[in-house]
Amino acid sequence: MTIAAEPPRRAFRPSQLINDSRYRGLTIQVVALLLLAGLIAYLGHNLVVNLRALGKDFDFGFLGNRAGYDIGQTLISYTNNDTHARAALVGMLNTLLVAALGCVTATVIGVLAGVLRLSKNWLIGRLMTVYVELFRNVPLLLWIVLVHAVLSNATPIPAEFRGEGATASMVFGVIAFTAQGTFIPWPVWGEGAELLTVVLLLSILAALVWRSYARRRQMATGRPLPVLWVALAILVLPTVLAFLLLGRPVTFDVPTMRETGIARFNGGVNILNSLVALWFALALYTGAFIAEIVRGGILAVSRGQSEAAFALGLRPGRTMRLVILPQALRVIVPPLISQYLNLTKNTSLAVAVGYADLRATLGGVTMNQTGRELESILLLGLFYLVVSLVISGAMNVYNRRIALKER
Amino acid sequence: MSEIHAETVAFARDTMMPPAPPPRRETGAVRWMRENLFSGPLNIILTILAAWLLWLALRDLLPWAWRGIWQAGSASECRAIRDQLYGEGVPAACWAVVRARWRQLLFGFYPADGLWRPLLALGLFLVAVLPVLFSGAPRRLLWLSAAAPFVIVWLLWGGSLWGPVAAALGFVVGWAIWAAVARRGNAGLALLLGLGAALAWWFLLARPVAAGLASVAPLALVPVESRAFGGFTLSLVIGLAGICLSLPLGVLLALARRSELFFISKVAVAYIEVIRGVPLIVWLLVAQVVLNYFLPRGTNFDILLRVIIMVTLFSSAYIAEVIRGGLAALPSGQYEAADALGLGYWQATRLIVLPQALKISIPGIVNSFIGLFKDTTLVSIISLFDPMRISSTIRATTEWGGIYWELYVFVALVFFAFCFAMSRYSIWLERRLERSHR
Amino acid sequence: MTDAALAPPPPVSGEVAVQITGMNKWYGQFHVLRDIDLTVTKGERIVICGPSGSGKSTLIRCINRLEEHQSGQIVVDGTELTSNLKNVDKVRSEVGMVFQHFNLFPHLTVLENCTLAPIWVRKVPKREAEETAMHFLHKVRIPEQAHKYPGQLSGGQQQRVAIARSLCMRPKIMLFDEPTSALDPEMIKEVLDTMIELARDGMTMLCVTHEMGFAQAVANRVIFMDQGQIVEQNTPREFFNNPRSERSKLFLSQILGH
Amino acid sequence: ATLDDVKARGTLNCGVNPGLTGFAAPDASGTWQGFDVDLCRAIAAAALGDPAKVNYIPLSGETRFTALAAGEVDVLARNSTWTFSRDTDLKLDFPAVNYYDGQGFLAPRALGVASAKELDGATVCIQTGTTTELNLADFFRVNNITYEPVPIANDAEGRQQYLAGACDVYTTDASGLASVRATFETPDDHVILPEIISKEPLGPAVRHGDTEWADIVRWTFYALVTAEELGITAANVAEMAAAPTENPEINRLLGTEDEYGTMAGLDQQWAVRVVQAGGNYGEIFERNLGESTSIGLARGLNALWTQGGLMYAPPFR
Amino acid sequence: MTDAALAPPPPVSGEVAVQITGMNKWYGQFHVLRDIDLTVTKGERIVICGPSGSGKSTLIRCINRLEEHQSGQIVVDGTELTSNLKNVDKVRSEVGMVFQHFNLFPHLTVLENCTLAPIWVRKVPKREAEETAMHFLHKVRIPEQAHKYPGQLSGGQQQRVAIARSLCMRPKIMLFDEPTSALDPEMIKEVLDTMIELARDGMTMLCVTHEMGFAQAVANRVIFMDQGQIVEQNTPREFFNNPRSERSKLFLSQILGH
């Protein structure tokens, strides 16, 4: 093929912008771009005009001002003298906390319910079906409110823990479930605690090493070594020993009912009911969806797979771990992660129980007190967007890694 | 050795054995119980656990609901009746609140003598979607489907009949001009002219025409303001409007996302990801709080309309993903056949691709609707009177001050009935699609 | 070709229907079609065969620009295929194509399948389009199925509908891409019969197929492709009885043997 | 200007609380009622001539000021506290104070506290997005005692949580506490603690910068107060406005003397309609909040200055 | 047996591999297997045939207790199959099974498919398991595919991997459930060849198949089932040439006719 054989290039004509497949795409995109730019310019212009008319500006300086309000549940230290930025950070951490707790619990509930729904036990199967349908078909907001109300109604008030005629008692003597939250012991780091931490980390490492050693040994000799018990021992024994040798460097601050004044627990940490309610409502609601995903995933692995494994002499437990799960996970994980995404976004319903998430701090009190709607909502939206993009990015990477090889 | 073996080998049966019933322990209720409830130690534990859980859940709930008091004028009256019937402090539901306020829970503050209007609108909607949801329905109903949105708007908001008629005529005018020009050839020009004609009609002619018609034949319903909408009517209006309006937008987004044009597909992806990455509640805040900043100074329209717009934009991103799935499910041969016949992009899309892709997408669309319908409870947070807020309002009155669970149970039951029915339908449809799939 | 004397018999008319010169096509780095030169005159019936992956489908899909070629020239019925969309539209409405998997539109009845393109592309009134459609459905001998949906028909019937659908656009050239290879054996014959009839009517046809009986019955010319090149072309008789290249010998032994 | 917008539109957009019995709440038929609602009606009567021409726009605590700033409502009549920062930073104007309130605490009798100073370590239910949480923080800091806030979404949830024992005390404006306590099964088991920890001057709010409109809102309210002071009621206003009376201030107010209405951009009869809409300030108070209602609030600070209260209208002169 | 001399070579030993006596099985009310008596000696190659639904699959699935029988006795290599899990494990690790749809594990490579059970059930070191696997992959003639995934292989190759996978457990008995019926014709032969080779090596085999050529070539015995009963058993030659029961005559006429 020589260049000479090429038809002579004709001069460019404007009609080619529409008629020529090489240029038409370009034309359409340029037009679309112009329209979009026009729309954005129009909205931006309106924004500027409106802000000017209201005498407002666009400025994030308010984040540095004193917040002035208190937050019940904080992961980092916070007082009402801190700035709005710190309040927002507290809210952000609270959002992430409840999202993380919710995802873990929802997974546990969902996997259990999904597996149990497939169980041959009629009663269990029906019960799980009722659970799934009930939670999927009623709005989450309603569940959050209901769980919150049930929680505070079903638990005793702190006063009932007090004195001779106490009608309520602490679980194991250290945990108190009350209408005002759950009080749990909290570790206090004393002298030598760093060393203990090092020991703990080392024994975790050692347990992992043991696991991989056992694996390699088995591959090499065929004989399996006990993993679970040995690993547990490695994990627990040195830490306990170090704990005793170092003279109990970590003590637990156990909640105790105070003697005078209003009945309340001192010490320990209080997990507010709003957090628990939100956490469980989210977990139960999302768990119902996850149950369906898990069930679908297991059903998607054909019966032939487990039969083949049985025929090879594999026990049901091994079959599950080596054959069914790896395949089911490929089906389960992508929709599972999008459920995590939903759960994370749904944490914004915290407003129904007054949990101090990011929407309640930055998008609630701060926005209301400073009158910085645009800035607050922009930051709020960006936060959720970034979280979503991170999660879905991770999902895409995973999906690409697990794709089954086909012809 | 082999001799003996050969003896045992050769064999022919001359009379067939009749089937025998299975041994006793393999049949009947005993077997059912053994297999389904007590087939192993784990199963026995599970059964007992389940029964215990069930008992825990129902022990308090059932008597409470069963003892319910239906006739009372206020919460305190309820308590008095309860004390009289069952004794002091015995838990008993006060269903009287539902009896007294069900109308508000279902219809909000819609005028009491006009309740037939939302009901008729809902009925009309159901008939209108019949041809879409059930392929067996007569095709002629499609005309009704086309007219339904206008009639429904008229029924719900009232006012002169001619307003919606004039709006509908805009579509007719646009379509007529588009069809006339498209016949002659140029599709792009036809689209432009059709659009132009419709816009011209809406902005210049519709109002005077409607006014003129109204003066000739004043057909009108009592106008009802958006503020009067509440309860499940509000949820349905927002949910259904959101889904129906987001459908065209979702289709365009899905097509854009699959487009080969780099910029167009990237814009669609960005839009979809941004919308889906941020919770609806934040978008509702945007609708309530910041949307006005982006509109010309002084524009101020109905919060309900703003919510519908926001919900439409929101659900269009989800619908787009559903439809993208439908598009992806179409075999590429369909596109090739359309190309080979000389159909243009829009012709192929409209005549070949969308009818098939939409049909595949219906279960997904119904599921989106269920999600959206449940999410309408979020508008209570921006002070619209959805069922949740109506319940709060009722509880804030002096009569029904102490009532809590009854209202929520009622609201939950109604939501459950709606959503469960729809999810069954979508499952049924999915099965049917699976079966009919080539 | 080096030896012009051994070329196939002259076509029935001298007018050129398709003219391909020095055409090349790549998929990414992969050179699918190499320096293809091919002239098809009006009324010619050409069968294209060759091993799987040799580029047969790609070649005929280039002729109505379902695939774009990267160099060389394709002129169909006097119109050159370039990126000019007008030309592409013109060619497509004059070239009919039948696919291996029928590609009927499952949501339309048989009749609607056949009238769709005439109505929307040729702007023929509906009544007239339906008459034409019924005419061609008669021709492929399934007029009684006009109001059924494709899903209700057998494979052979579907493929005949696909042929009728193409004919309704009154194409000057018909392309077939393995029209019978997705069919059960008992249905192959009915489709081949339809195609033979079409050939009798003088339609210009390019057909990718391994049905050697068909090739011998109707083709003017058989083209054998391998690795993206036209390796041999000849009359069917010569080609089957006396293949010249090694590759065609091997190929023939494989498909005739099994 | 806002007045022109309102007139052009023909209705007044009035932002109200979405459900606070006595102040603003829709009743069973969806009609809005309450103390704040009556102010809306009075303003509509003054500006538009018809107290029914009001569009009630329920606004939550968190979005009310934005809605006002964005022009969604013409006036915010939603128990909002007049504070320095709201007046300056949020670019609002508070033309008048229609209710002097203060934040208090509601506690179960069983808690055994007699004073808010004994609340050390208490768990406190508060509604978010209000000045309440700021006052609370200040009060406990000043008294050097600790507390744990339990934010709640709305009043109805608050009651439920309080009754379930999720918080030891419930705090909000004293007026709200009374109406909450009124709906309890056993109101006597709960006490409102004597301390009022904050000043809560509640009043209508308008956008900064439109003084004419602020004047109309301000003087509509003062017309109500003045009417009470002068003994003008819904029942007798028509009679008194029919002809000039002995008292020149009544005459000026009711437009039978001088041209005060036109000075404000209104007509002469405006104040007559304002009083006709729902009676004078005292009547409005009694009907919605007073001791004859289930809320049962005493006038207290909201009595006229002549009766030892703070309600004091500048002279119509 | 009238004519022992004409039978295929006698089984290599008289030891009993599988002994089934008076076995019955029901699915709910449906009596699938009725009073089955069957003795298989070591080294025997048995082909089971019969119409669809006659219980062939169920019978061989009972032998490694993929299905439970409700009455009667099944003894495999001296171990009786009861609900005792130890016995079941023992039997399963000595009986290999090849399924109609291969049932390879798609998430593991061919090699991993073959080493999975030896490593986890037989506790063989990995290196050794891999050597064995490669040995058997050589035997089924696809050692070069060891590192591919099943999805990347053709049906015939997959079935040969499935056979190799079973062999890696060094089973004493192999069960085949229609191993070739999901394959394209050109692939059937490669799988049958593998099975014939296996038979030559003296493996005890029970094979459900309708490949009559295979039965004649390797089987000692053909068992014909209908309605859950063994209706006839005989040497292949006798069975095919001279079926004695009416049902087997009918059956043979059907499958040989088509």
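Which chain is which? They are A, B, C, D and E, in the order written, and residues in each are numbered from 1.
Convention: a residue touches a chain if its C-beta (ideal position, glycine included) is under 8 Å from a C-beta of that chain, and two chains touch if they have at least 3 such contacts.
If you want to know which protein each chain is, UniProt gives these names: A = Amino acid ABC transporter permease; B = ABC transporter permease subunit; C, E = Amino acid ABC transporter ATP-binding protein.
Quantities reported herein were computed from a predicted structural model and do not represent experimental measurements.
*Asks:* Please give the intersection of the contact partners of chain A with those of chain D.
*Replies:* Touches both chain A and chain D: B.
*Asks:* Taking CA centroids for every chain, report which one is farthest away from chain B.
*Replies:* Comparing chain centres, E lies farthest from chain B.
*Asks:* Between B-D and A-C, which chain pair is linked by more C-beta pairs in contact?
*Replies:* Answer to which pair has more contacts is B-D.
*Asks:* Looking at mean CA positions, which chain is nearest the middle of everything shown?
*Replies:* Answer for the innermost chain: B.
*Asks:* Relative to chain D, which chain has the most distant C-alpha mean position?
*Replies:* E
*Asks:* Can you tell me the C-alpha superposition angle of chain C onto chain E, nearest 5°?
*Replies:* 155
*Asks:* Distance from the CA centroid of chain C to that of chain E, rounded to the nearest Å?
*Replies:* Spacing between the chain centres: roughly 48 Å.
*Asks:* What is the distance in Å between the mean C-alpha positions of chain A and chain B?
*Replies:* Chain A and chain B have C-alpha centres separated by 28 Å.
*Asks:* Measuring from the mean C-alpha position of chain D to the mean C-alpha position of chain E, what distance in angstrom results?
*Replies:* From the centre of chain D to the centre of chain E is 89 Å.
*Asks:* Per the centroid of Cα atoms for each chain, what is the distance between chain A and chain E, given in Å?
*Replies:* Result: the chain centres lie 50 Å from each other.
*Asks:* Among all residues of chain B, which ones touch two or more of the remaining chains?
*Replies:* Within chain B, residues 285, 289-290, 292-293, 297, 381, 404 contact more than one other chain.
*Asks:* Among the residues of chain E, which ones contact at least 2 other chains?
*Replies:* In chain E, no residue touches two or more other chains.
*Asks:* Where does chain A touch two or more other chains at once, residue-wise?
*Replies:* Chain A, residues with two or more chain partners: 50, 145, 149, 351-352, 367, 373.
*Asks:* Please list, in label order, each pair of chains that touches.
*Replies:* Chain-chain contacts present: A-B, A-C, A-D, A-E, B-C, B-D, B-E.
*Asks:* Where on chain A does chain E make contact in their complex?
*Replies:* Result: residues 218-224, 302, 304-305, 307-315, 318, 322-323, 326-327, 330, 404-407 of chain A touch chain E.
*Asks:* Touching residues of chain E toward chain A in the complex: what are they?
*Replies:* Going by the criterion above, the answer is residues 64, 66, 89, 92-93, 95-97, 99, 101, 103-107, 116-117, 119-129, 148-149, 151-153, 165-166, 169.
*Asks:* Residue numbers of chain A touching chain B in their complex, please.
*Replies:* Chain A reaches chain B through residues 18, 25, 28-29, 32-33, 36, 43, 46-47, 49-51, 53, 116, 119-124, 127, 133-134, 136-142, 145-146, 149, 345-346, 348-349, 351-352, 359, 363, 367, 373-374, 377, 380-381, 384-385, 387-389, 392.
*Asks:* Would you pull the chain D residues touching chain A in the complex into a rising list?
*Replies:* The contact residues of chain D facing chain A are 61-63, 65-66, 69-70, 85, 89-91, 110-111, 113, 118-123, 128-129, 133-134, 136-137, 141, 148-153, 157, 160-161, 164-168, 208-209.
*Asks:* For the complex, which residues does chain B have touching chain E?
*Replies:* Checking each residue of chain B against chain E gives 1-3, 5-14, 16-17, 19-23, 26-27.
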